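Handing you a structure now.
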Amino acid sequence: MFIRNTWYVAAWAKDIVDQPTARRICNEPIVLFRNKQGLVGALEDKCPHRGAPLSKGVVTETGIECGYHGMVMDCSGACVHIPGQERIPTSARVRSYPVVEKDEFIWLWIGDAEKADPSTIVDYPFNNDYQNWPHKLGYYHIKADYKLLVDNLMDLTHLGYVHKTTIGGDPNTHVNAHMKTLATPRGVKIVRHMPNCMPPPTYAAAVSFEGRVDRWQEFEFVPPGHVIQWSGAVDTGQDALEHPEARQGGFALRVFHTATPETESSCHYFWSIANGYRQNDPSATEHLYQDVSTAFREDQDMIEAQQLRLDELGEEDLVSIVHDSGRIQMRRAINALIADTQASV
Amino acid sequence: MFIRNTWYVAAWAKDIVDQPTARRICNEPIVLFRNKQGLVGALEDKCPHRGAPLSKGVVTETGIECGYHGMVMDCSGACVHIPGQERIPTSARVRSYPVVEKDEFIWLWIGDAEKADPSTIVDYPFNNDYQNWPHKLGYYHIKADYKLLVDNLMDLTHLGYVHKTTIGGDPNTHVNAHMKTLATPRGVKIVRHMPNCMPPPTYAAAVSFEGRVDRWQEFEFVPPGHVIQWSGAVDTGQDALEHPEARQGGFALRVFHTATPETESSCHYFWSIANGYRQNDPSATEHLYQDVSTAFREDQDMIEAQQLRLDELGEEDLVSIVHDSGRIQMRRAINALIADTQASV
Amino acid sequence: MFIRNTWYVAAWAKDIVDQPTARRICNEPIVLFRNKQGLVGALEDKCPHRGAPLSKGVVTETGIECGYHGMVMDCSGACVHIPGQERIPTSARVRSYPVVEKDEFIWLWIGDAEKADPSTIVDYPFNNDYQNWPHKLGYYHIKADYKLLVDNLMDLTHLGYVHKTTIGGDPNTHVNAHMKTLATPRGVKIVRHMPNCMPPPTYAAAVSFEGRVDRWQEFEFVPPGHVIQWSGAVDTGQDALEHPEARQGGFALRVFHTATPETESSCHYFWSIANGYRQNDPSATEHLYQDVSTAFREDQDMIEAQQLRLDELGEEDLVSIVHDSGRIQMRRAINALIADTQASV
């Protein structure tokens, strides 16, 4: 069961061009394409004539042309051309999905089209701000339930184990940090503040600090599967932890993580990683991107192994621990939306 | 559900030698082999002793010897030797299938053996006529229902889309041709005649025409899965379209296509492609064979994608168009024979 | 249905080190590891926290640490450390399996732990005797029911067919040998004695005989899946066939074969191959090992093909022959133990 009346990230806008892209979302096969007028279409990936995938076709002046016998559908899903006949039956159409292009994402609504309200799409303005937040975009296909990926992001104690040899460092740093879990209007936010501490070596190598720093790590979960991360440190004494607007001039990075369900046991992982410390140095952005690309593969490896085990043995007898609090609130938010979906069908 | 009381092409005769061949037909595992006397045997591919596939054995003087413990079966399926014992139990036997070697094909009857009448095998004498119809034989394993492959052959509008960059040419040529669909005693025949037209470039390159030509394309479907194709063109003015015997001296090719079900969603595609225009030029035959080998891979790619989609989403809501008429009559003929099979079991 | 209250070989002792090993036995995922004190642990391969496979973790001072969030379990399956919290809930534990390290094997008890009696483990002292029985250890993963592998070992007529070009030689040698099938306390033993015969070429090449020899081949099946083989020949005239203690100075080899079920249709095949004829020549041991490695791959190939056929078509209609007598008694012993298992659940 998927949350249905919600916006999912279907693709990076840059990747949707005039060559069709096949992508399964919530177990529905969808073709994404950009028509000759620049609009993005999202249609059921099945020609109404003989069932061939439209994603094997091409984009023409009037829509997407099936690669088998040439029927053409426009972005609304209506057939606009049948080779060899004038009359187009009204039944010759496929389902279309509402799509919105915003903040470098293609957002897709999988539920009832009449309920699709673009104003409910989460904002992520940093994707439009290459000056202050130069960033790179990533995509991984993950053979695990998207909720296991969000779990991963909501329990940072994994850093010292999964990423022991890469970005993790000493497990105790992550385990012993002071942490607050805050309810938000739609989800939950984990905030970890470390006032007046020594900067970690990677931070110190990236920027010049005067001495001790105030550090923060904030992870906000927004349903269905977004985690908006802001991490950094500035010289202590500026009251930066209490006043986020004062977090200037030190080390900072932002990540937008989102997991879109492909099937019940696989998902699409999109992330945007932004450099907020050496904005004029493209190599710093590239280096940061390479680091997280490696680390996220480590997460993938663990989550996919976990999925196989849970598929076989279930998760009824698992034991929650103290550090699961953010994860548990996140799951409650998802479960409430799934219950809404169930009630509406 | 397969049509059972019918002859299927099981193999090319040239490929059945004294090394066993394993081939699944109508979801039954079968071993084909040629015994030391030159006769072809077709047996259930399972040793009656311990169930090992007989196709992993060898052909001996008296039959096929299981590669595990050496039991030998003759072409009738009877065990004729058990290592280490004299007495052969009557239960030591496997099912044998009627087979006929004709026109370079091995024909196999999958249904009730007592109903197997070789006189009902379709004739294709061109496979025996290397002088007038030099030809080459092809085989592809297709991961799709054999009916989807026959569909493909019965709607030529696909030529301009699937084969756009190979043999297809301008889609409108195929879409706008004048077409008749004729019932035949067992199936249906699609005839497309194009009188007094300019020869297409490939035809003109292959033979010398005086000027305008009369062109024909004929596709005859014979159940369960044969499509017999004759295409060509001769100089106009000979009344060749009305009198097939006058179709001499121009461009012509013949193809015997047949799709034999392997499982409900896979099939064996055998084809024979014959050069009827430069019979003394082996390179012309080879060139023709290479062209269709490439084109048939394009068909395979599309049909396999279509199969996956139909497996998932069904074909109940598909929309037929004008050019489906031959295909629809073909499907009716198949459905009638499937109904016969159901009635007899 | 597996025999449960029995000892299975889970691994070679040499292979269980401080890196965890994942191994499925009787369809249960198990992690094997050697702790810092040198003891072998065998636990359910699922962390009680979030279900990640423990086999992706590392061995620490106190047990096995999950590679996801760092929970540590000791060899008894009890959690001994949770990062970030002092209190360890009693529910934080996983199932542990009794294990015994003996004769170079790791023996594992899959059934009720309170019934696990190490004194019932079969003895194989030759694995500890590198002076008289220098040997090498092998392991193959086989995609077939372990019973099909034991079948293979209990009907030697396969030698002349499966191993025709390797160790098999003339089929009639194996088919016509005089054979006795003897009941043993737990299983069955097949004894083939060939008194006063010429030594086969491989034997004669390995050692010097005076002339004619007395040959023996003994295969003892011990449940659940062990076959203990002793083959050889000595100069005739010493009454060696009647008096096993007199079988000195000729050619001899010993093999311990065991098949441990992984799933209903796959197994782990462990074997130890010992050189009892040129004990001081390591190249003779190596050569022997290479020979059987090749031969056992031939068995694997046939058994896996047999498994696929039996999966599809069943084995109800198979026909037993004279040489199946040892195999049939072996199957009876297994079926009796399976019935015991069924009665106890």
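In this document, chain identifiers A, B and C correspond to the written order of the chains, with residue numbering beginning at 1 in each.
By definition in this document, a residue touches a chain if its C-beta (ideal position, glycine included) is under 8 Å from a C-beta of that chain, and two chains touch if they have at least 3 such contacts.
Treat the numbers as computed from the prediction; the structure is a model and nothing was measured.
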Interface composition of copies subunit A and subunit B: same or different, split at half: different
Superposition rotation for subunit A onto subunit C, Cα-based, multiple of 5°: 120
Computed distance of Cα centres, subunit B from subunit A, in Å: 49
Touching two or more other chains - residues of subunit A: none
Subunit B residues within the subunit A interface of the complex: 151, 155, 157-158, 160-162, 171, 175-176, 301-302, 305-306, 308-310, 312-313, 315, 317-323
Partner subunit B, residues of subunit A touching it in the complex: 29, 45-46, 48-53, 56, 65-71, 82-85, 89, 91-92
